[in-house]
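Both of the next two complexes hold subunit A, though its partner changes from subunit B to subunit C.
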Partner chain A sequence: MLTKILLITLFLLFPLFLGYYTTFIALISIILGILTISWHFMEKEIGWVSFGHSVPFGIAAYLLALNPTLLFLTPFIFLIFLFFSFFGRRLFPFATFIASIALWNVSHYFVLNGKGGEEGFGVPFSMSLGNLYTLSMALLLFCYVFFEIISKSNLGLKIKAVRDDEIAAKSVGIDPIRFKIVGFFFSTTFASVAGVLHAVSFSHVSPSVFSPFYALFPFVVSKISFDKRWACIVGSFVIVSLSHSLSAFLPETHYILYSVVLMMIAVVKKNAENL
Partner chain B sequence: MLRICDLSKVYGRTVVLRGLNLELKDGIYCFFGPNGSGKTTLLRIISGFEKPSCGRVFFEGKEITGLSPQRIVKMGIAIAFQLPRVFWNLDVEQNIFLACMDKKKVKEVVKTFRLEEDVKTIAKKLSQGKIKLLQISMSYATNPRLLLLDEPFAGLDVGNVRLLIEILKELVGKKSMIITSHRPKLLRGIANKFFEIRGGKIAGSYENPT
Partner chain C sequence: MISEIFTSAFYTAFSISILLCYRVGKILNLSFASFFTLGAYLSILNPLLAIPFGASAGFILHKLTKKLSIANATIFSLGFAIAIEEILRIYFRTEYIILPVQKITLFGEMVVGSHAISGLISTAFVTIFLCFLLSKKSINLRVMEEDLELAEIYGVRTERLRLIVLTITGTLIAFLGSLHNPGIVYPTLGWQYLIFSVIIATLANIFERAYLFAILFAFVITCLPKFF
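Our next item is the complex of A and B:
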């Protein structure tokens, strides 16, 4: 694990020496890398596929913009998300995705003291790009190490056991709901951290934080990362860089990229099955 | 050890158990009977995976009716299902470790259930017989006072049946067990008492016919 951490650190340090624009793009990649790793844990370890990770991400960003002291509410965001996920998916499929789309639309009408709405809110404080990059990099590394350790711990083993078979888990005395909630809490907390960093990096929060872009991004990156946690970071850099470099010629390129990636995965998987 | 009072279970219009009364002391018991006679339902109710329509279950003097399966495991009752439920993407060692959270115990259980060669094999890559053994070993690893085995011989080839009988013989006197089976003859020399279940009731019982 130490070698991986060292390589990731070197990889993350590199953009700091490539000028303002590149560093900013790398910063966005890092933030979305945190979101992706948190999502990856939820999908691979908890066995819970959700397209609603933009919910904790967006709510945390909004809380920071409204009043930084409200950030103490961040850990409770997971409760809201848990509610959406737990009860919503019992009622209809893609409940969390629909919830994130609903929040995206509702947030357009969220106005406070004459501010907000479509234009969103300004974040009351800022940081230099270098400092913010270093902080985000440290948080990404922490996020990576945290999930690696959890994954290899007894707690992680129990979470994986619940993912594999809830009835088997119950039959050896493991409470599935308890371990799902714990895993859920870890995952959404890091999604919230990514949301806060996103708000600080743009000094502004708008309804776009709930957009399908943030809901689908972790899923797509996780898919091209072939289930490797470290590859989620590289994948995040690849997708963000491609989106930004191509958007000059073609707006909304990221959605085209998503479609291409998903179609390619489907083709590769189908061919792999036929081999 | 186990007391069952007026236990009934109804699914829609189908009555599976009809006012079952039973008192079992430490030992090994075999429940046999035709399909749908209520053997599996009885084990599922004792282990907490099913709630009875009426009636009560007591284990070592404490009522366990309606408690969650996790709680019942902690009180000392473990079940191995007819269709194995294991952690498919984890290896044999991890599967057993999850049941006892004790590495020394894992070694002991692996040896008892002859799984030494498969310790690092992922559960989904095991043969049917080994999966069955793994599941029983997991239940055993929880260190239960009472082990419930639902049709442990179902789907096993001759070699694995022999192996399982050999293992069960080793457990005689060490663990109390309730074993359901279509083939009670296999449990001669192992079970202390045999109960025939028919139509959700105890139709008859006899001591070990050695």
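Our next item is the complex of A and C:
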């Protein structure tokens, strides 16, 4: 694990020497990397595929923009996912996706003191790019190490036991709801951290934080990274860089990639089930 | 109130289409969002173009998802929806297109002309569908809703029925998109209509007579704001 951390650190330090624009693109990739790793934990360790990780991401960003003291509410965002988990594992991805799209639409009408709506809200404070990059990098490394340790710990094994078979886990004295809550809490908290960093980096929050770009980003990155946690960081750099470098010729390039990955995954999964 | 009635008819048709795809086609058809947008974009050229394009999109979706499970078919439909949106974005090369809106007076109330037509088409679709449900011919549909494998054992041509459902609903949604758009067309237009209809369909699906409850919920939800 130490070698991986060292390599990731070197990889993340590299863009700092490549000028303002590249550093900013790398910053966005790092923030989305945190979002992807938090999502990856939810899918791989807890066994719940979310198509709506933009919900904690966007809510945290909005809370910061409205009033930073409201951020104390972010630890409770997992309750939204807990509610959707009652729909069952098969409907959970679509329930969360619909929730994120609903929030995307509703947030266009969210106006406070004449501000908000489609324009969104300004964030009351800012940071220099260098400081924000360093902070985001440290948080990404912390997030990566945290989930690596958790997944190999006693707690992680219990979470995995609940993922594999809730009834079997119950029979050996593991409370499924409790460990599901713990897993959701960790995942949504880091997604919220990513949302806060996103709001600070742009000094602005708009309804786009709930858009399918953020909702499906972790899923697509995770799939092109072959479900490896460390590769998710590289994957988020690839998608963000591709999207920004091609935007002059073909705007919203990432969505083409999204559609290809989604359609391919459905077919590949079906073939895998048939094996 | 006329406008609300047309809107509730539109949402009833939309949510019944979602229910049909889910219960018969075994797919939560998220592509409807882009079928609607496709229709809205085609209305720039000719609203009737939405019919062959919607039917083709429904047919292609059926062909590509017929062997997939509900979850995989739904994921595929989401990818398919994004693909259609991107094709439209690349082809039309603009974010927003403003369309001319003609208003007409009906029973002393100003309504958008194309919305009135979409309301009438939706009402016709719902009426025909309810008549079909009451007829003996709907037995195949009901058996397929209950149990796909059992339907196949009874000799129901499930694949053919699924093709019909996906093609007809695809055509309907694309055509409604060409008529019921708000006058501003953009690639993600269809999502708001889809979300609202999915909520209605989800609530209705709790009950055994889901299609009737879809009518009720669509009416209550669209007409409620009028009273507050």
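Keep this in mind: the second predicted complex is superposed on the first by the 249 of 275 C-alpha atoms of A that agree within 3 Å, B and C clash if a C-alpha of one lies under 4 Å from a C-alpha of the other, contacts with A are read in each partner's own complex, and residues count from 1 in each chain.
One rule holds for everything that comes next: contacts are C-beta pairs under 8 Å (C-beta built on N, C-alpha and C of every residue); 3 or more make two chains touch, one makes a residue touch a chain.
These numbers were taken from a predicted model, which means no experiment stands behind them.
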Comparing subunit B and subunit C in the superposed model, the one touching more of subunit A is C
May I ask you to decide whether A:Ile167 touches subunit B, subunit C, both, or neither, giving the answer as first, second, both or neither?
first
Where does A:Asn105 make contact in the superposed view: on subunit B (first), on subunit C (second), on both, or on neither?
-> second
| said: Touch test for A:Met263: subunit B only (first), subunit C only (second), both, or neither? | reply: second
Subunit B and subunit C footprints on subunit A meet at residues none
Listed in rising order, subunit C residues that touch subunit A in their complex are 28, 30, 64-65, 67-76, 78-83, 85-86, 89-90, 188, 191-192, 194-195, 198-199
In their shared complex, subunit A is touched by residues of subunit B numbered 47, 49, 68-70, 73-74, 78-81, 85-90, 94, 97-99, 101, 135, 138-139, 141-142
The subunit A residues in contact with subunit B across the complex are 154, 157-158, 160-161, 163-165, 167-175
In the complex, the residues of subunit A that touch subunit C are 51, 90, 93-94, 97-98, 101-102, 104-105, 211-212, 216, 250-252, 255-256, 258-267, 269-270, 273
